[in-house]
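First chain written, first letter: the chains are A, B, C and D, and each begins at residue 1.
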Amino acid sequence: MQVNENFEPVIVAFCCNWCSYAGADLSGTNRLNYPANVKIIRVPCSCRVNPMFILRAFQRGADGVIICGCHPGDCHYTSGNYFTRRRITLLYSMLDFLGIERNRTRLEWVSAAEGAKFAAVMNQFVEDVKKLGPNRRLEDLRCRKQ
Amino acid sequence: MLKISASNLNALFDRIAEKQTLYIPVDREPNVSEYKKYESGMTMSKALNTVRSAKDFFFPQTENLAEFKVSGKTIEVKDIRKENEDFVVFGVRACDARSFGILDKVFLSEPVDSFYKNRREHGTIVTMACTRPAETCFCTTFGIDPTVPGGDVSVFFDGENYFFLDNTPKGEAFVASVSDMLEDGDASKLAEVQENTRNIMKKLPLSGLSTDSFGGERLMEHFNSDKWAELSESCFGCGTCTFVCPTCQCYDIRDFDTGNGIKRFRCWDSCMYSDFTKMAHGNSRNSQLERFRQRFMHKLVYFPANNNGEFGCVGCGRCLSKCPISMNIVKVMKALEDK
Amino acid sequence: MQEAMIKRAKELLADGTVNRVMGWKKGEFAYDTTPAVFETAEEIDRDFIYNDFTQANQSKYLIKESRKEGKILALLKPCDTYSFNQLVKEHRIIRENVYVIGIPGGPKIDIEKIKAKGITGITNVKNEDYTLKIETIYGVETMPFYEAVSVKCESCKSKKHVVYDELIGEGGDILDSNRFDMVEKLENMTSQERYDFWRGELSRCIRCNACRNVCPACTCENCVFDNPKSGIDQKAAADSFEENMFHIIRAFHVAGRCTDCGECSRVCPQNIPLHLLNRKFIKDINCLYGEYQAGADTTSKAPLTDYRTDDCEPSVVHERGAE
Amino acid sequence: MQRIGVFVCHCGTNIAATVDVKAVAEALSHEPGVVVSQDYQYMCSESGQELVKNAIKEHGLTGVVICSCSPRMHENTFRKAAASAGLNPYLVEIANIREQCSWIHKNIASATDKAVILGKAAVAKVHLNAPLTAGESPVVKRALVIGGGIAGIQTALDIAEAGFDVDIVEKEPTIGGKMAQIDKTFPTLDCAACILTPKMVEASQNERITIHSFSEVSDVKGFVGNFTVTIKKKARYVDETKCTGCGLCTEKCPMKKVPNEFNMGLDNRTAVYIPFAQAVPKVATIDPNYCMMLKNGKCGVCSKVCSVGAIDYKQTDRFIEQKYGAIVVATGFNPIKLDKYDEFAYSCCPDVVTSLELERLMNAAGPNGGTLLRPSDKTHPHTIVFVQCVGSRCDDEKGKPYCSKICCMYTAKHAMLIREKYPDTEVYVFYIDVRTPGKNFDEFYRRAVEQYNVHYIKGMVGKVTPKADGKIDVQASDLLSNEQLHINADMVVLAAAIEPDKTARPLATMLTTQMDTNDFFTEAHPKLRPVESATAGIFLSGACQGPKDIPETVAQASAAAAKAIGLLCKNSITCNPCVAHSDELMCNGCSACEKVCPYGAITYQDKEFRMPDRSTAIRRVASVNPAVCQGCGACTVACPSGAMDLNGFSNSQIMAEVDAICK
């Protein structure tokens, strides 16, 4: 596929407060670079991420959405990320079923100690989304930037 | 009368479409038709009527009214109205053709709805006389003759040729614009076809339905009828009847925040919905009974009361076939008149 | 069958077991039937009908009806019993207030399928040994019964009544249905093909809410799409996104709760195969988290309120074959 | 109209080097609602905070956005500053432009752009922030300990020592638990009774401790600081307050053929009984399954001999209700039942015993007065085979997947004690691995091998077959020398796996605490909160959380006590205000939220509502207990109607952030 070098995707990352947000902080503390396309929204737990939020992001112009939470078994709230895993798996599967490109969505487990993983995941994700180009299948034309 | 043979109909369509947008009913599935923008090679549907009515052409389901550009703390209002382009809708049935008259009474009376007016002025309605009505048809109840379908141009089919009769100056202009493709023809067979159709209409199961019991005079009697509870009992409050109805004209106006500004749009609303006419104080009709009653009272009582006895229903029968629970205006009329 | 149901309903009314009967009422035509509540034997004698066209799932009405004074008789087809059970499980139906008689189910006929043959002016439809004899004002037409079977009955999942107080006729079994065939077919398409397919279907949506309002799983006091506070309320699909959004969120909200009764597709005036979205979730749940049939019982944990520590990762979606 | 203040921190050069802070402040000043937008060298410094406080007062701010380091660093700092200036602390939002912006990006233009967007998102969110007040919930200054084994006793003693009332609920007639049945303890070989019974007495004599023996928890309601527990005091047919424990009734009771559970059924007791001499409370209990008076109304001997009139055949179960601030679970363990292990002939051969049975056989208060004799013929065994890991580390469903942890050490103890007392006895131990982590544990095991010549054989016992001559054939493999062995044994001792007590699961349901698949209670965090359950106010003591030896159990018991004391010390608990709440008008009562709540914070009630159509209806609606909710938000997504929302992270707030980021 043709990659548009000038395409700067909008990436929304939902990070749980206890692991992944802290992991993102750690990658900052360790000065590990990842693209500025990624904007993080802090949520208490990955299980707070409602499918509505993900669709909303695509509607408003996001080109990729990634959810990060504690590793299974390490959830601050003991079971939140297990629910996340089921919900998000099903949602992503449905988006795929509707023909939305799979690589626009991702779920990753990043612990508070995994600053390097956070940066690596974001680098990879941004690259994958760049390859896909702008989100056209799940955008709201009314929201497209003029 | 001017005519074109059935085999040349598509050539006519091609010609019309050269100059303006043409919409014709086409089959989506066997005998399930919808209006489509004509593209060369499309075949006009033989189904009696489209699933959705033709009101969309003048009163679309959603329509942007204005835009507000927001940057920082400033708001700029943008008038997005623009003159529509001319278009032709071909194959409208008598019932739908009548529905435009009803919509006109709403949108073209003061204050005039400029969006509607704009579309109306630019649209030419070419109707098609019915020859094979369905059991759900009851247009004759409302004084409609499906064999004389009205619109700007009426088209009649005698089995071989389509005959054109212009009813309005706009219709006249339309016929003139394609007259080189038309030829004079013998319309003698038409009367027979029409008579035949009228006879079928008399045999239809709903042919005996009458509006005698309805109209503005009997407002309180019908409003207070004890039949509404039973009639509305199984209504789910969906908007199917209103959305397939050619005369339902209620809408809501909403603002959509695009992130960069606001788009103000209107969209169809349904009096069957629980949030219909919701205001700061709440809803004016809080039970499904009241909402259900509103819809039928509007069509059968309020509308004629305000419009010289004209009813807000054209008997197209769409709600009869599409209601998920098969509750419809015919059942309501029969229940209320049975006094 | 209709006679047996009427007889039993009248007995239960007479002996005071119930004070109302939920059934179907005759309509204007041979094929239109309306769910209705009967209060007297006379009403039943006059209007009660049960035939090849009584498709409507009555479970949802019982939410309201089971909260009224006295017990109501519900005549439930096998598929309806699943919806009923699910609603009992979600505390929406008060079980004690409903007397359930399991009645034989379909296959039911969809009049639209008859009309799609170009048959019109229908005055009567008779099932003569699985050949439909359709009387019309234009003459008599015939067609094979199976060609008119409604979509929801074509891939019937079960003839078993999962809840009842008594049965009329015989109970049946869970069937080995082919209901996931179309989902599978779509799964095997490319992403672009699937996208085109669904755009074609969902772009017809007129947001009449029939699918939602008929759905026995959609029983919210106030749907998020009607609630301005939800931030996603919408009255009409003003953009293709909103068409997708409505159907994705609706399917998601009923995921693990949808019994696959097929009412959504039955009532869609635009013939959108909405049940495929629900079936996709059901298929995924079955494949990924173990077989689960919503409504089969009132005690099991629903797949989305449950988890296993060794559940698969969402990457299964990304790793599934080529896009 | 909102009046929002934006404060952009330079963080020295940490932010300012890559983000044009002045441009960020300028850009955000144009956002709707923003009335002041400033930048400053160090916003977290005293003078930086002053800047914020003054702006709040001067501009009457209704919301504050700080663009600075991670909220994990200074969110509290700025919240406190806002509060001191009279602004609700939850009207402060942080845009993380250091860790998540300036430190990871090199390009000033793109880092600045991103900082502006993060700032806009925070402004959009703060528009929707609601002032939140942390609720207070009073703490009942009384603790409940469920289980009266060494764990429960230790926890209760520690809590009482700290000055709080504590109740022990024990299902058996006496406290003491498993440790009371043990003969000696490893690795010191001191007598278990000698160290346990003084503790039992101490507990009974402590004024702050109430022991409900022969009792069970039948219902738990409430939440941290305020549990209401119903305790079922089972009928023991003896008035506890009158019985002096003289034991005359037990001597005179004619029904003497009741299997003695304290001695693992190896001998008998009477129908009216005191489990063992040092029982606490030392009160007789009548076993209704055997008492002839209770069964058919004929006997009444105990009643006649009791000089204080304590016998009461008409006693029934009594229920008492008590309020507690904290609950400690100490339900302990049991060895698994071995009836499925036919290969070890446990069910058919009396000389194949479990380790706990061996404890009783060797105990001075046991069936044989401390002399080790074969149960079958009361002869002295000369060859004893120990089988390790019976049901532990098992893949099949007969056993348990985990290591029971204590078996290696007690087997070494048994082997050593036998060799010490009966040097003519050969002792074989078949093991998979010998696991001896623990202070002086490996030394202890090596003594068994080196000093006491216990034959440790790495290998599996395949089959145990009782022979006609009374001997037992033990067929085994020696994995190290790779040969098949047959040992002609007199006794076989099986180290049965241990499992949580059967009462644990129903209890966990009542307490809304979590359990793993093996029915061990799950701790709130495996490393950092090992003695707390995820449910606030419920603590875990001893083997109910996982297999443990005595010192570990006692350590954890004291730790659980310390946690409970920490809670009881408070007059009230400050609740996290960022909790879920349910909009009752929208709630369907479907229970989806309740099912995903890990804390049991959601309950349902039937409430009367005035409906939109002016009728009244009784509706089942969810309500969240803010003292119990921890604010994860799982319920908000489980709820299809959107009735559940989360303070501080509401649907509209998160969507406002999404919108701001995407536009």
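Here, a residue touches a chain if its C-beta (ideal position, glycine included) is under 8 Å from a C-beta of that chain, and two chains touch if they have at least 3 such contacts.
Model, not experiment: these values are computed from the prediction.
S.K.: Consider the two chain pairs B-D and B-C; indicate the one with the greater count of contacting C-beta pairs.
M.R.: Here the pair linked by more C-beta pairs in contact is B-C.
S.K.: Sort the other chains by how far their Cα centres are from that of subunit D and give me the top one.
M.R.: The most remote chain is B.
S.K.: Between subunit B and subunit C, tell me the centre distance in angstrom, where each centre is the average of that chain's C-alpha atoms.
M.R.: One centre to the other, that is 30 Å.
S.K.: Quick one: report the Å distance separating subunit B from subunit D, using the average Cα coordinate of each chain.
M.R.: 69
S.K.: In angstrom, rounded to a whole number, how far apart do the mean CA points of subunit C and subunit D lie?
M.R.: A distance of 45 Å separates the two centres.
S.K.: Please compute the C-alpha centroid of subunit A, do the same for subunit C, then give the distance between them in whole Å.
M.R.: Spacing between the chain centres: roughly 36 Å.
S.K.: Which residues does subunit B have that touch at least 2 chains other than itself?
M.R.: Residue numbers touching two or more other chains: 256, 258-260, 263, 274.
S.K.: Can you list the residues of subunit A that touch 2 or more other chains?
M.R.: Residues 51-52, 56, 60-61, 79, 83, 87, 140, 142-143, 145.
S.K.: If I count partner chains per residue in subunit D, which residues reach a count of at least 2?
M.R.: 596, 638, 651, 655, 659, 662-663
S.K.: Which category does the touching pattern between chains fall into here: line, ring, star, complete, or other?
M.R.: complete
S.K.: Could you please specify the touching residues of subunit B with respect to subunit D in the complex?
M.R.: Counting only subunit B, the residues touching subunit D are 71-73, 257-260, 274, 282-283, 286-287, 290.
S.K.: Under the touch definition given earlier, write down the residues of subunit C that touch subunit A in their complex.
M.R.: Touch list, subunit C to subunit A: 183, 186-187, 191-199, 224, 230-232, 238-242, 244-245, 248-249, 251-252, 255, 277, 280-281, 284-285, 288-289, 303-309, 311-318, 320, 323.
S.K.: Along subunit A, where are the residues that touch subunit B in the complex?
M.R.: Of all residues in subunit A, those touching subunit B are 60-61, 140, 142-143, 145-146.
S.K.: Using the touch definition from the top, list the residues of subunit C that touch subunit B in their complex.
M.R.: 27-29, 32-37, 56, 60-61, 111-112, 115-118, 120-123, 136-138, 204, 206-210, 212-214, 226, 235-238, 263, 266-267, 269-271
S.K.: Show me the residue ranges of subunit A that touch subunit D in the complex, using the header's touch definition.
M.R.: Going through subunit A, the ones touching subunit D are 10, 12, 17, 21-22, 24-29, 31-34, 36, 39-45, 47-53, 56-57, 60-62, 76-80, 83, 87, 119, 143, 145.
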